[in-house]
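Pasting the structures in now, so scroll down.
What follows is subunit A paired twice: with subunit B in the first complex and subunit C in the second.
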Partner chain A sequence: MPIVSRHRRAVSVATAVALGAATLTACGSSDGGDQAESGPVSLTYWAWAPNMDKVAALWNQKNPDIKVTVQKQASGDDLVTKIITASKAHQAPDLVQAEFQALPTLVSNDALADISEEVGGAKDKFTPGLWQQTTLGSDAVYAVPQDSGPMMFYYRTDLFQQYGLKVPTTWDEFAATAKALKAKAPGKSLTTFSSNDAGLFAGLAQQAGARWWTTEGQKWKVGVDDAATRKVADFWGGLVQEGAVDNQPMYTPAWNKALNTGQQIGWVSAVWAPGTLTTAAPDTKGKWAVAPLPQWDAAKPATGSWGGSTTAVTTDSKHKAAAAKFATWLNTDPEALAALVKESGIYPAATAAQTGGALAKAPDFFANQPDFYARAAAIAKTTAPAAWGPNVNVAYTSFKDEFGKAAKVKSKGGFADALTAMQAATVADLKKQGFEVAP
Partner chain B sequence: MTQPTTGVHRSYGAEPAPYDHPSPTTAHEGARSAPPNSPSPAATSTAGVKRARSAPYLFLLPAAVLFALFFALPIGYAIWLSFHKIEVKGLGLGKGARSEVWAGLENYTAALGDSELGASALRIAGYGMIVVPVMLGLALLFALLLDSERVRARSFSRLAIFLPYAVPGVIAALMWGFLYLPDVSPFFYLLDAFGLPQPDLMDGGPLYLAMSNIAVWGGTGFNMIVIYTSLRSLPAEVFEAARLDGCSQLQIALRIKIPMVAPSLVLTFFFSVIATLQVFNEPTTLRPLTNGIPTTWSPLMKVYNDAFTGGNIHAASATAVVLALATFLLSFGLLKASNRRTKQGATR
Partner chain C sequence: MSGLASPPQVRKAAPAAGTTPGASQGPPPTRRVALLPTAALVLGALYCLLPIAWVLVASTKSGADLFSTFTFLPGDGFGDNLADLSAYRDGIYWRWMANSVFYAGLGAVLSTVVSALAGYALAVYRFRGREAFFDTILTGVLMPPVILAIPQYLLMAEAGMTDTYLSVLLPLILSPYGVYLGRIYAEAAIPMELVEAGRMDGAGELRIFLRIAVPMMSPGLVTIFLFQFVAIWNNFLLPFIMLGDDERFPMTVGLFTLLKQGAGQPALYTLVITGALLAIVPLIALFFVIQRFWSLDLLSGAVKS
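Up next, the complex of A and B:
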């Protein structure tokens, strides 16, 4: 008798626990997306651009039937994982901000919806190089471009003059300039090769014509170590080995100081550099100027892009049409773009918005170069196409580790080995995930 | 001695009296109303026994439920994940291209065969070999110094040594990172001014020292408090006897105090080993400042990287399970070894 009752009690406890768990699960899986289609639609939007809520407020004022709520997120790799996890639990927001290179990863995890029907008309508002990145080479469209980061070369006008340097227009001239500077002022560097931001290297490879991920039928082909990228790696490896450029990572207190004190007199960067320089090197205001990136082939000017993001609609969204409508408005409507430039400080992807409006005037830090944005817009038009795949994060992490090692020992051979290792890690990961990889 | 005791009694006396001494009327009423409500005296007693028997389980229930929900369930889920993987069809784009399939031990063989995991284990072994002895040695030294008779400004010193523990690991790593970077560090400015060599602290061998220094700086205070507390609780008679026998302060410390606080030394050693195995904040914070720290410097960084950068939670779960097992075996082994030694000491 006591045994039976104890047993029964154990069963009832187990049932109670199971019931409790079931109730919790039930709570977790209902995601408040079951409002009627007829009433006003509520959309949530994960974005990291500052003040995005103010831009969304403009929309909400004009469109009482579609209310957009911005939920501020941190940018970076973590957000991609967060979106994928939310998507698996069918809890993803309606709209997300996603970097261009994250799109294939998100699409491959079935997180992004094909919105080609809703946003296809916006195609002409962007350069083909950017639009192509939102289609992944298919008929589908997975996002609307929001901002872009055409790469440019920044240099200190006063120090270039002091050391009798000419602004390099080709990479050969760039190498010569770096060496000439070292000869005249051994303590100074033209720029640094940083291993802590793969985006810079990817952009430089893109300019040289690299296509890191392409498809062959149903197989992915990885070209991280293609001829164009190898050329770029050898070039920078050579400069680092000779000590012509620095090998310290960017965005460190030491790097800020090097920029602020004129120890580093140039920077290969992108259109958003004025913002970074304002905080990193406040004492150098008005002493910088921008020029196009040095070229491999002066006859065919090209640039890469470093940074840049899109607005995408998730597969979880119950109101895809409304979400796509907002995404289109946000990134093509003149008023929305003006607000994005003013409030969020982005460089718009839409070609028409790249000059005029808030961008008619140069940034304060570059007041000495009034045509800053006109130059930027001209450079942006030469953006080379980019090709991203489903495991960009893995390649980027491998870049940090392998090129970190190579930059540390300052060897040109190390740069070549690092590129080989990066290719191998990327291919191995694709295979491990079960993708078919073309040789 | 009597003063505090009466104080305690008085304060209890101030509590509402009716609960302690139920008034006669209530008790009487209760007794009178009881018989008509209960069916028979026998039934009342079995119900009482039943209630008494189930009581411990009822008390256990909240803990058991919390344990199941927030400990056993997540661990079970992690283990489940570690035996699965994602399978991709074709280019892996679009709907239904990915499915979760059984992977068997594949993730485990991959994790154990990964040279990066071995390398990171070696790195933290080297790091632990510096951190644990230095930190515990300093903690013991400070605790003994504070406990000695001739110490001045005791509470101030105790607070000063303990304070770094209150600084969050990320903040501490950032501060030390600034001090390690030659271009912004005041130390390097002084070295430069005196024409002394300037070591690169963020690379190679010195990196271990630099990283260990942050852990020692932050952890010594906590361990010192643990040891000091157990020193304070030792009976004063022992020291009196030792002094009468002519023991010096140093001899008391070495021959009496240290053996008597051995259990807390074992405890702090235990905590330190586990903290070493789980080191994450410091290398992650210092990583962007240098080329010398890879993204897989410590095993936990590798787990984080696999899960949140590579997006492969299945591989990350397998590595995490391996790491948890290693931690468990190591700490269990240490505990057993120390128990055996204490037992031997007791029988001797």
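Up next, the complex of A and C:
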């Protein structure tokens, strides 16, 4: 969709111009001036999860005094831009669905309200690694986690058996497995390094312990090229250079075909992979299994997250308390979570909902692995903390440009250079936006 | 290559004694097939038509076949795809289609009216600052509408009109390119003598415009209408920014929500492809209907010089 991406670029440029400099510590008002209201209130909610309107209908049935209207949107950076633009004009809806990595961008544009008083009690329903991402390391709380994407390793059981491969538990074993496969079947690959999906790389770096954005006093510190990330980049750069893994981007027809025909026999992905495999590789049903991501340190298992979103209340909302109440219900109430799983097909962030209910049974595509969600829940508990900053989109765009080039020429040195370039682009953009950046 | 090799022989043979050049037997002389330009044009045509062929074929495939069977092998799932698309969220696709027809139809009509009035005025009346005014509008032609979407949104927000049908319609009514075309057409098609004659006969200015100018400008106005209709039909950014309520989305923005459902959700490719195919049907129909108006050329005027 070249047209869309061209528009997207235009939006970001235009907003960057329109917004000018933003401040680091933006404080949403939490004065609770809406506590004493009476009569029914009406809330609008921008969300992209399928069938969210049906879940909201459950709430509306029980809470006639707070009516929530869902307005379905397209996910992604474009929506972040749209929310920020609406917020500048004080036209934002009361509630928005926002990905974890978009929260700092929204907060630094003063679009999200601090709802710590209203939702603070829900803290222990989520793993600390997820909750921490909604606080941005402060005392404030800017959102309630909704779904998460703990990363896992998927592999073809039949082909692993055929080639006598063992499921790798560490990244060293992973590299050895990739090479062993190439030796036995040169036309096949264990997985691909996709330079189209910055979220995957960010998750892998997160697993290794990277902290891409941190604050130092009033300054941002960018660690895109920190030691942990460098380790990850070198690892994948080495595999790509040797030709041990494929270098084609994901989510293309060619990649779908590679999965469907068994040319790619494994996939480093996240909990939502069954849905993707169902459409991308329909002929491989029942032939896949899930395992934890290979580890850097087997003694301290960790995983990253790829995807995942939250429900946030905007500063424009005139009914913040009511909106926060809905956000809490939506993401912690058992009935709401069951509906989210069933209707919207999300993987809930709330720990209690990750097993049982609709998730007691494995997805159809993984019928051969009945304990799919029990395994997933165990992996989800090991989610490493993530550190997002106000210009994740810039870092991601730079990732696509730089790593795209490096992956094409299959050069390990190119991967290192790409990371350096990504760091530089991220820092330069922060400065341009008017943030102070610590060296 | 053979086309390049043969002409020299023909030329050598032509001036032979005793024969008249035009009456020689055999193939007519130097009938060059312009291979390179033809090949370039064929490539260009393929470049434009292949994606459409792809959409056409892909819309007949079921979700399972979409990426697994040969690209240009038609499937038998078109009926199912159509039914799925119509069933999706209680048929909201057809609502988006109706919205698109509304935005593009009414928007193009209003924009054509404004362009005709402004173009006629700029062509026929002499007034102070006419050229300055026209030049200002011309700069608007150079300004991509994409750049204006966010300022327009902020203006609409000031007026409290965002997220309404009007917020998408109003910014589309003034089209600099339409005004530009309107003036060009009016200058070419309307002889001043005719306007003068109308005035002599006591017709008012509005009457002259409606009864004399508009019929003469109509081929041009049809063009403006069509340009505007297609532009609004394909417009993405303005409605994307202006509208929050998905019930008011045009098709472009609506289909986008099917593609981007979040990381964990598979994109609804089959629905989007079928929806995209249906989206070009009204445009093609419009072209067929309007084609006949184009056959009236700009010279069908009333004055012979």
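The working rule: the second predicted complex is superposed on the first by the 402 of 439 C-alpha atoms of A that agree within 3 Å, B and C clash if a C-alpha of one lies under 4 Å from a C-alpha of the other, contacts with A are read in each partner's own complex, and residues count from 1 in each chain.
To be clear about the criterion, a contact is a pair of C-beta atoms (placed from the backbone, for glycine too) under 8 Å apart; a residue touches a chain by one contact, two chains touch by 3 or more.
Quantities reported herein were computed from a predicted structural model and do not represent experimental measurements.
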Which of subunit B and subunit C A:Thr215 touches, first, second, both or neither: first
Which of subunit B and subunit C A:Tyr347 touches, first, second, both or neither: second
Which superposed partner A:Asp78 touches (first subunit B, second subunit C, both, neither): both
Partner chain(s) touched by A:Gly434 [first = subunit B, second = subunit C, both, neither]: first
Partner chain in contact with A:Lys257 - subunit B first, subunit C second, else both or neither: both
Touched partner set for A:Asn331, first subunit B, second subunit C, both or neither: neither
Subunit B versus subunit C as contact partner of A:Thr382, first or second or both or neither: neither
Which of subunit B and subunit C A:Ser309 touches, first, second, both or neither: second
Shared subunit A contacts, counted only where both subunit B and subunit C touch the same residue: 78, 253, 257
Complex interface listing, subunit B residues touching subunit A: 50, 54, 57, 61, 64-65, 68-69, 73, 85-98, 110, 178, 181-184, 203, 287-296, 305, 307-312, 315
Contacting residues of subunit C [partner subunit A, same complex]: 63-64, 66-68, 71, 89, 144, 146-147, 149-151, 153-154, 157-158, 162-163, 236-237, 240-241, 244-246, 253, 256-257, 259-267, 269
Subunit A - residues contacting subunit C, complex: 1, 3-4, 7, 10-11, 14-15, 18, 44, 46, 48-50, 71-76, 78, 82, 85-86, 88-91, 93, 147, 149, 199, 253, 256-257, 260, 270-272, 275-276, 278-280, 282-283, 306-309, 345-347
Residue numbers on subunit A that touch subunit B, as the complex places them: 5, 9, 13, 17, 20-21, 24, 77-78, 80-81, 84, 104-105, 107-110, 114, 136, 138, 140, 195-196, 215, 218-220, 247-249, 251-254, 257-258, 315, 390-391, 393-394, 396-397, 400-401, 404-405, 407-408, 429, 432-436
